[in-house]
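Consider the two complexes below, in which chain A is the common component and chain B and chain C are the respective partners.
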Partner chain A sequence: MTQKRISKELQECLTTPPAGIKVNLVDEGNIHNWNIVMDGPADSPYVGGKFQLLLVLPTEYPFKPPKINFKTRIYHPNVTFDEHGSMCIGILKSDSWKPSSRIPNVLTAIQQLLLEPVPDDAVEQGAAQKFKEDRKAFDKEARDMTKKYAK
Partner chain B sequence: MSVNGVETFVLLFPNEEWSNTATDSQLDTVVSQLRPNISFYDRIDDNLTTLSTQNADKDGTISGFLYVPDIDKSDDCFELSKEYLPSNVTRQANLPPTDFTLVALAPWINAECTLAWMRAAHEDPARAFLFYLPDNSTDQPPDASSAVWNLQDGGTWKNIYQYPVYIIPGAVGFELMHNLALYSGNMTSVPWGHTISELPGIDPRDYVRMYTQLYVGNDSGLPSLWVFLLAVVGVLLFVLGATSATMHLIQRARRKSLERRVASGEVNLEALGIKRLTIPQPFIERLPLFTYSAEPDISYPTSPQYKAMMEDAKDIPSSPTTVSQRHRSLTAETDDPPQVVVVDDNTSNPDSVLIHKFLPYSQPTCPICLEDYESGVSEIRELPCGHIFHPECIDIFLANNSSLCPLCKKSAFPVGYCPTKITNAMVRREKNLRRLRSRVTLDPDGSDLEANQTRGRLHEIGSSIKKTILNRKEDAPPIPLEPQPVLMTSALTELPQDQHLHTSFGSSRSRAEFVEQRIRDLTARQVPIRDPDVIQDRRVPQCKLHPFVYPNLIDKYQGEKR
Partner chain C sequence: MEDERGVEMECIAAIFPEIVFDSDNPFSATIELPVHPTSSVKVNFPASADGLLLTPPLSVTSGQEGDQSITEPANNVESHNLSYLPSLELRITLPEGYPEEKPAQFQLSTNPAWLSRSYLDELQEHGNHMWEEAGRSLVVYGYMDYLQQAAENAFGFAEKGRTLEIPQDFKISLLDYDIKETQAAFEKETFDCGICLDPKKGTVCHRMIDCGHVFCVQCLQEFYNNAITEGDLATVRCLAPDCAKKRAEARGGKKVRKSKIQLSPSELLQIPLEHEIVARYVKLKHKAELESDKNTIYCPRKWCQGAARSKKHRKPDGLEDTAESEDDSDNEESGKLEQFVAGRDLLSVCEDCSYAFCSRCYQGWHGEFFSCAPKTNTGELTEEDKASLEYMKLHTTPCPTCAAPAQKTHGCNHMICFKCHSHFCYLCSAWLSPSNPYKHYNEEKTSCYMRLWELEGGDGDDVGIGYAGGVRPVEIPPDPQEREIEVAVAADIVNNELRDIPEIVEPGDEDEPPEPRPEIQREGPLVLRINQPLPPPAPAVPDPPPAANVRNRPQRQQQPNRRVNNPAPVRGGLNRRREPHQRQQIRDAQAQAQGAAEQEEANQRWVRMFVQMAMNDEEDQLDSDDEDDAAAWEIPVR
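After this line comes the complex of A and B, so read on.
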């Protein structure tokens, strides 16, 4: 069932991906690891950047939430600014994950997070601090980092 | 080891000088107690004070001939004591020469004379000493710790004089002393002397003397300090026990109450994040199974709302035409939000039950495997909330992952069943959550400090974001802000169910307002079920927004609270 569901979702994402998102498999033989390329949303300091994400679907999917990490460095209060690029997003927490949630939902939620950081749930405290206190400086920093890493 | 009783009587004791049988063992048989009607007899059990317990048996009797010890004539007390003693009182010289045990008796004149008497008794075979205050009182003598009995030597006398010392009331002591004088001479001089001498086998030379038995025991209780300590410990134990029992009872009552509410479906432990539950296989098997039918039975009444529901229910999310159709209808509906609410309101809408009965069969796709049901072929399992799934999909989920419907997070447990043992920790968490929720609802003005802070902070962010969003909104297509009720009730799509998605599409309201509104909505829907009919209606779906689609919000408020 897991395989069937994943392939169905993959097909959907390949044929009609959400706006600004490209999906392909990391390795053709394994449908559990997806490579995502997400455009920085317009009206966000990340605009113009192309962000790579790694989506890992567990074998218990859809009963367990997928794991998703930024492979491209991103300066964002809710994403760790390191090689892991772990993020804190409600939809992927195991108590709020529902088997009926789908990958496009998750990807759209991440786009939304780029557009609207949640500094109160921050994992990157420095960025959250700057976001709250000096939005302009934060935007500049985020733009610079986007230019530096996400080209 | 205090004295409990003093019994004094008169003994007839053979005179050794004439009796050849006077060996110790034989004496016992010869010595006889005179009957009370022809001799002195007295027994006191009350108003006795124990000063010293040296060499007193723990339990038993001390006995001996009653006598007054002889003080050295050179002592000042010798003259002083003459005032208090009859001249012919029984002395050791008046007693049989046999080495018998003695009990000394003397008035307590002053410390000096008491010591003199005790010193004198120490040289005699005295087994005990009885003192009395020469005040002719019948009351209890002062307590042993009283200053009256202070002998000015720091208590060392107790170690020097190895016999117990007791105090008897003054009047009793006086009477004993009086009789001790009467029974000091030969037989003819004692009371009833002639009667006694006429008894058979009596020699007029025999001694008739007073004999005392002291009954010693522990009956008078433990020393007062111990009694006090025991009382304190007892009271403490009682208080502890009572508190503990009360606490246990209260906790038990609370556990029972929560268990009842869980069983009635009013409280959902898993949705509250209190305990992860799974459904045992027998319960899963009891959930109804149907064969999916795409064609609904059209015999239901057709209210406008019902038609709307039908239309909505027929929508297939994957079909582009119907999606756009739905968007159109939603855009229209959001122009008139109150109507949407009415449509959504299960309790006020009599058609809701009918709509529900129709709904499960109208869900065209299994939300878990995303496969469409085949009409007349696919087997489907219906959860109590009305959502349907392939049994092979949902059964694994319910058995291994969660007891909640994957779509609306409503419990799939049957009514009247409490799936787990309720612990005190669960009771506490449930109570905290309930209190938290009620507080947020009851303070719509933002008078609540914590909520206010959050709101204030959120407002700052919100206002800065608002500009961006407002600008964006002009060129973005007007997607309705709150299409959730109708969408959710249709139980068809789960698209914008997550918090992040809610705020995502061009919200013109600040985040703070959204949060506030949302929390209020949540609490408004968590109306406790009291009416048994309502409980019966648990099968009626409440597939609209379930509060715990938004656990993050609750978490946030909890975080603020901490």
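After this line comes the complex of A and C, so read on.
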């Protein structure tokens, strides 16, 4: 079931990917690891950047949520600014994950997060503070980091 | 001339292939017209007029109805919304001379007779009107079309505010018909199961009773069997995203009780799940309820340890739903007040083995008038209990609200209690605000600052593989006034990588050698906390050994206290665990402290040595009982 469902979702994401998102397998022989390239959304300081994410689908998928991390560094209140690029987003918490949630939902939730950071739920306090107190400085920093890392 | 009747009947038969012609008369036929109104019909079933119940009483209420119908007939009327009503049977006979001279004969009936005879007569009469109005021409198709349209709003009864009254006698057959037709229509449909994403026939699907979402039976079985086997009861709910939330919103923001979101045992049986699995679900739900209630008393018999009978959490009998029990808690309380007798509330009866015992002294029941002493813990634990307690101490964190132990399998340290849904920190067990749980990791004053992702790979020998605690580079606050640096010392972490070590390097000045400062406190195995202003530059510390060396180091004992809140750093001295000998020395040194600068220098030297050894992973040698060895590490006191 897992394999079948993943390959279906993969098929769908390959043929009609959500806008601004490209999907391919990290290794053609393994459908559990997806390489995602997400364009920085327009109207966000990440515009122009190409962000790589790694999506890992567990063997229990879709009963257990996928794991997703930013591989490209990103300056964002809700993503750790390190090589892990971890996020705490609601849809992926095991108690709110539902087996009928789909990968495109997850990806669009992340796009949404890039458009609208949630500073009150931040994992990067510095970025959150700047976002709240000096939006211009935050945008500049985010743009600079996008230029630096997300080319 | 060709008989017009024959032509018309042929046409009708082409349009309605289900029509049945009489074998002896080609101009006579019957057809059933389904009654499936576009919106459901509200149907009342008043008791039969003569008070005689032809159907056997279904429930207590229907039994009472006969008695009460004289005094308050309106009260016990049951109302149902039906989507399907038994079809209307139309009998058509075209007599000789139709259509010019004689009208067609229409006869209507329903089985059971849910439409009154007078109303059916009216409908029949309408056929004659149509024939007259159409100038005595062919009217059968027009009439049938009229009937079908009338059926679409159940002959007017489906309109808002109207109810259809049907004698009680027909209740069962009508409800039955509705259920059967609904099911038949469902089975004919095709659904895309949201879990396996395959299109499935309705016959192998299940529609959620509360919310109407449809999934295929196979996926539901797999998911719920898995969840119930693993004891993950909270996920036994509708599997559509945001389903509960949307329903709550639809109800005007009123929070839906958790038990209402969870599926009922009867629905699980309908899916269907195995009887044993549903029984386990009911049992676990009951157990979780008992465990979340601090007042639950357990049977003192070692082999039993069941819960004492309680009205609040009634032991499920068979597979009944236990969720409703909360409603009668009020009654119970008031009942208690009325007949309170000293001592009586001590009597507890085990729901499993029926042992009657005293809930104060845990002895067999001694009557109400015996003064007993509360039982003190005997402290006798089996080896198995001890082992699991030890494991729990090492690899679980209790919920701050209900004390239920949680073991992390992966992810960040923001936990939500499986039992009481409190948000808490896995590292220090602190309660976290559900609105902003991450604040705890973002405030420098907490001991968990920047530690959200510690233990990301899970906690425990058997959980996860990569124990990632401390791998994440610690960011150092640039404020020079408050130098508090948490250095992740890799010592206790197998597979940890050396890249933590360079974190000792001063921020912003990477060419400088590590600058350990005199105040040190080891916080569990993970963290070295260093306080106080910068001392003058110290001699360079040699490079750490190659990483391979470090990875090969033996695993050391894990300290269970690593998540305990770190005490405030001790000022003016060293506080190292596991070095009693030296601690003594230090205390002595403190006592005799003269010339603070000298001592500080000595301390610095020791710290440098310690850090150096930590980097070489040799600081264990500090623990050595060997006097000579220890002497070499003594801090000289002048």
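What we mean here is this: the second predicted complex is superposed on the first by the 151 of 151 C-alpha atoms of A that agree within 3 Å, B and C clash if a C-alpha of one lies under 4 Å from a C-alpha of the other, contacts with A are read in each partner's own complex, and residues count from 1 in each chain.
What we mean here is this: a residue touches a chain if its C-beta (ideal position, glycine included) is under 8 Å from a C-beta of that chain, and two chains touch if they have at least 3 such contacts.
Quantities reported herein were computed from a predicted structural model and do not represent experimental measurements.
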{"item": "Partner chain in contact with A:Leu113 - chain B first, chain C second, else both or neither", "value": "first"}
{"item": "Partner chain in contact with A:Pro62 - chain B first, chain C second, else both or neither", "value": "both"}
{"item": "Touched partner set for A:His84, first chain B, second chain C, both or neither", "value": "second"}
{"item": "First, second, both or neither for A:Leu10, with chain B first and chain C second", "value": "neither"}
{"item": "Partner chain(s) touched by A:Ala122 [first = chain B, second = chain C, both, neither]", "value": "second"}
{"item": "A:Val47 touches, of chain B and chain C: first, second, both or neither?", "value": "neither"}
{"item": "Which of chain B and chain C A:Leu25 touches, first, second, both or neither", "value": "neither"}
{"item": "Those residues of chain A which chain B touches in one complex and chain C touches in the other", "value": "1, 4-5, 8-9, 62-63, 91, 93, 95, 98-101, 105, 120-121"}
{"item": "Chain C to chain A touching residues, read off their complex", "value": "194-198, 215, 219, 222-223, 226, 234-235, 239-243, 410-412, 414, 416, 435-438, 441-443, 452-453, 456, 472-473"}
{"item": "Chain A residues within the chain C interface of the complex", "value": "1, 4-5, 8-9, 62-63, 67, 80, 82, 84, 86, 88, 91, 93-95, 98-101, 105, 120-123, 125, 128"}
{"item": "Complex contact set, residues of chain A against chain B", "value": "1, 4-5, 8-9, 43, 60, 62-64, 89-91, 93, 95-96, 98-102, 105, 108-109, 111-113, 115-116, 119-121, 132, 135"}
{"item": "For the chain B and chain A complex, residues of the former touching the latter", "value": "273, 367-371, 392-393, 396-397, 400-401, 406-407, 409, 457-458, 460-461, 464-465, 468, 471-472, 494-495, 497-501, 503-504, 548-549, 551-552, 556, 559"}
